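Next, two complexes with subunit A in common: one pairs it with subunit B, the other with subunit C.
Let's look at the complex of A and B:
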């Protein structure tokens, strides 16, 4: 049943891609860069974040406002209202974050529909889930930094959710607030988490890419321009405004929700803390372990036809998953090298079949036998 | 790409380029907050204000409409920045289309398949 549904979803995905190909050609089809799209938005976030950081002051102190002392809120207000293009950069930072979450989710859906997250690819999937969780958390800390009414209520809600956790709750709360109460130190901590974790994303990205021979890191400029244009358009349609400055002596009761980042808070407000934690943890664990639990047909690895292999290494160079190793050929062979497949790494993609000019490698279980025929037909046609 | 496709794309890019030109005419208004009152111009500009007003008059309503869109959403300062936003996003879309048109020629993969031994 699941196999059938997946097959249909895969078919629909590929049909949509084919349709887009007709308009954009394969060179500019965003579907072929689905993993690189969020990565591009990450660069936009770094750049706009750097500009905001230059003017941001991480303090909550508002006792001396009459003396024109500055704090996080007033610095954000200055960025938004006074600094030339400040509101634009702030808007870009905010909406590029949303765009990053959307593109990550589309990326996940695509790899799921095309069944490319199991077996050797589990590292990509698991590190990807971790990256998503981190991106969501970093985005949330961005909402605390503005230090308006919403920031205060979000901070307080986070604190009460942490306090609910036995044993580890208190120390995490202490770390989160950088003390026991909300203070200037809390805001420095939020800034440190926001920026520090953003850069730690790079290490996780390294794990995400490490098993790929040729990961596509950046979409072509034509796509990048559209990605930036989209963000700018949203900045124009939904300009960013500041809420009211947070007042520690006052408890705000409601806030506007950004569904991309703040949905956990919506849940927190609806259910009791136990259910909330159960739902969040179970959700993350379920997503992480999906590659091992979803029953799908196991992939059969490519096989080298030993007496045909000339040791030319073409398949070794083309395999996207580093699944082929060139080993010394047996003494009886007239060639120096022989290709061997590491079955646990092979995804059965069939690239090596296309790479081999000697018909010396086969993928027995290519999802669609016609593809194999097609590749062989192409080779035969030359 | 055949001739008719190329022609259609050329027309699209042409229209967008014209749009960009029109919006770029709004830049002086963007600088003064999309406000068409000549008195808000800097002193040195006021000396040629008559000419500027005559030249830009047809575009002023566009500037005012743009300003209305953002002020309705609560923007009170640096309104002109949003004209740049529209301009830049339009320019990026055109640049992207232009790159796409030029680049699609070599989009077809020229896979070289080795000779069979």
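Let's look at the complex of A and C:
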């Protein structure tokens, strides 16, 4: 049943892509770069974030405001109102974040619908779920940094959700606030979490990409221009404004919600804290185990015919899964290198068979000799 | 043994999906299926031509969309001679047709194959 539904969904994706291909040709079809889209937005976020970082001041102190002291809110206000193009960069940083979440979800849906998420791809799927959770969390910390009404209420809600957790809750809260109360140290910690975790995304992305040869990391320039133009368009249509500066003696009661990042807070406000944590954990676990919903037929890994392999490393270069490693050949061999297959990475696709000019590698399901027999049987001269 | 086919199609399972009913219309076509078009070796194409086929059709998914990531792209580059191993120089390139079609483009596969068959059978 589940598989039938997925099959239909696969057809729908193909149908949509066929339609898009008519407009863009397959070279510029954004669906063929679905993984590279969020990666591109990540670079946009890094660049705009760097510019914001230059002017951002991570303090909450507003005791000396009358003496023109600055804090987080006034520095953001300065970026938005005084700095040339500041509002544009701030808006781009905000909306590129939203766009990144949209493209990640698009990426996830396409991978799921086209059945490219399980078996040998489980590393990519699970690291992808981790990346999604991280991106959502980083996005939330971005909202704390503005230090308006909303930041304050979000911080307080996070603290109360953390204190609900037994044993680990208190230390995590202490880490989160960088102390027991909201203070200047809290703000520098938020900035550190926001930026530090953003860079840690790169190491998780490495896990995400490590099993792929030549991962598609950049869409063609034409698509990049459109991606930036889309963000700029939204920046001009819906300019960003901060709320009131946060006042620690005042408790705001409501805030505008950004559905891409702040939906957990919506849930938190609706239900009991226990239900909230249960729901969040269950959500992450359910997403993580999606690849194991279906029983997959085990892959028969490709096998190297040791006495035919010349060590030319063509299969090693072509394997799209980094599943072939060239090792020194045994001393009895005439050649220097020998191809070996890592069976846990092999997908049984047979690209190595196509790359080998010496018939030295075989996929057990469909060996070379059998293919040649079939060919000769169909067109044979006799 | 059945009669010999004039044209051979080496097909990726995940691209155009032909069933027996379609093959009755294409009586000159013999089909060998592969898990991925990347598995097709230029040697196999040479073997088919040498064994007496008039032409070989190779099908893979749309370029940019390969279930196994890049099989179709690699094969295309091999056939164009941009990536080793390629076709030998004495292979008549007019007798090899590459079609990069998704599962939904069966009618185009049938049309193009018929046209190709007519062309190839009349080649000297």
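The working rule: the second predicted complex is superposed on the first by the 295 of 382 C-alpha atoms of A that agree within 3 Å, B and C clash if a C-alpha of one lies under 4 Å from a C-alpha of the other, contacts with A are read in each partner's own complex, and residues count from 1 in each chain.
Assume contacts are C-beta pairs under 8 Å (C-beta built on N, C-alpha and C of every residue); 3 or more make two chains touch, one makes a residue touch a chain.
What you see is a predicted model; the values in this text were computed from it and never measured.
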Checklist entry - Touching A:32 in the superposition: subunit B (first), subunit C (second), both, neither? => result second
Checklist entry - Once the shared chain is lined up, is A:349 touching subunit B (first), subunit C (second), both, or neither of them? => result second
Checklist entry - Which holds for A:238: it touches subunit B only (first), subunit C only (second), both, or neither? => result first
Next on the checklist: Going by the contact rule set out at the top, does A:104 touch subunit B (first), subunit C (second), both, or neither?
Outcome noted: neither
Next on the checklist: Looking at A:301, would you say it contacts subunit B, subunit C, both, or neither? Reply first, second, both or neither.
Outcome noted: neither
Next on the checklist: Between subunit B and subunit C, whom does A:357 touch in the aligned arrangement: first, second, both, or neither?
Outcome noted: both
Item to check | Touching partner for A:223 - first (subunit B), second (subunit C), both, neither | outcome: first
Next on the checklist: Output check: A:129 vs subunit B and subunit C. Expected answer is one of first, second, both, neither. What do you get?
Outcome noted: neither
Checklist entry - Touching subunit B and also subunit C: which subunit A residues? => result 26-27, 314, 357, 359, 378-380
Checklist entry - Quick one: in the complex, what on subunit C touches subunit A? => result 1, 4-6, 8, 30-32, 34-36, 38-44, 47-48, 51-53, 62-65, 67-71, 74-75, 78, 83-85, 100, 102-105
Next on the checklist: Applying the document's contact rule, which stretches of subunit A touch subunit B when the two form their complex?
Outcome noted: 24-28, 81-82, 84-88, 220-223, 225-226, 228-230, 232-233, 235-239, 241, 310, 314, 357-359, 378-380, 382
Item to check | subunit C-facing residues of subunit A, complex | outcome: 11, 14-15, 17-18, 21, 26-27, 29, 31-32, 114-116, 212-214, 314, 318, 320-321, 347-351, 353-357, 359, 363, 365-366, 368, 371-372, 374-381
Next on the checklist: For a test of understanding, state which residues of subunit B touch subunit A in their complex under the given definition.
Outcome noted: 69-70, 73-78, 81-82, 84-86, 88-90, 92-93, 95-97, 99-100, 103-104, 106-109, 111, 113-117
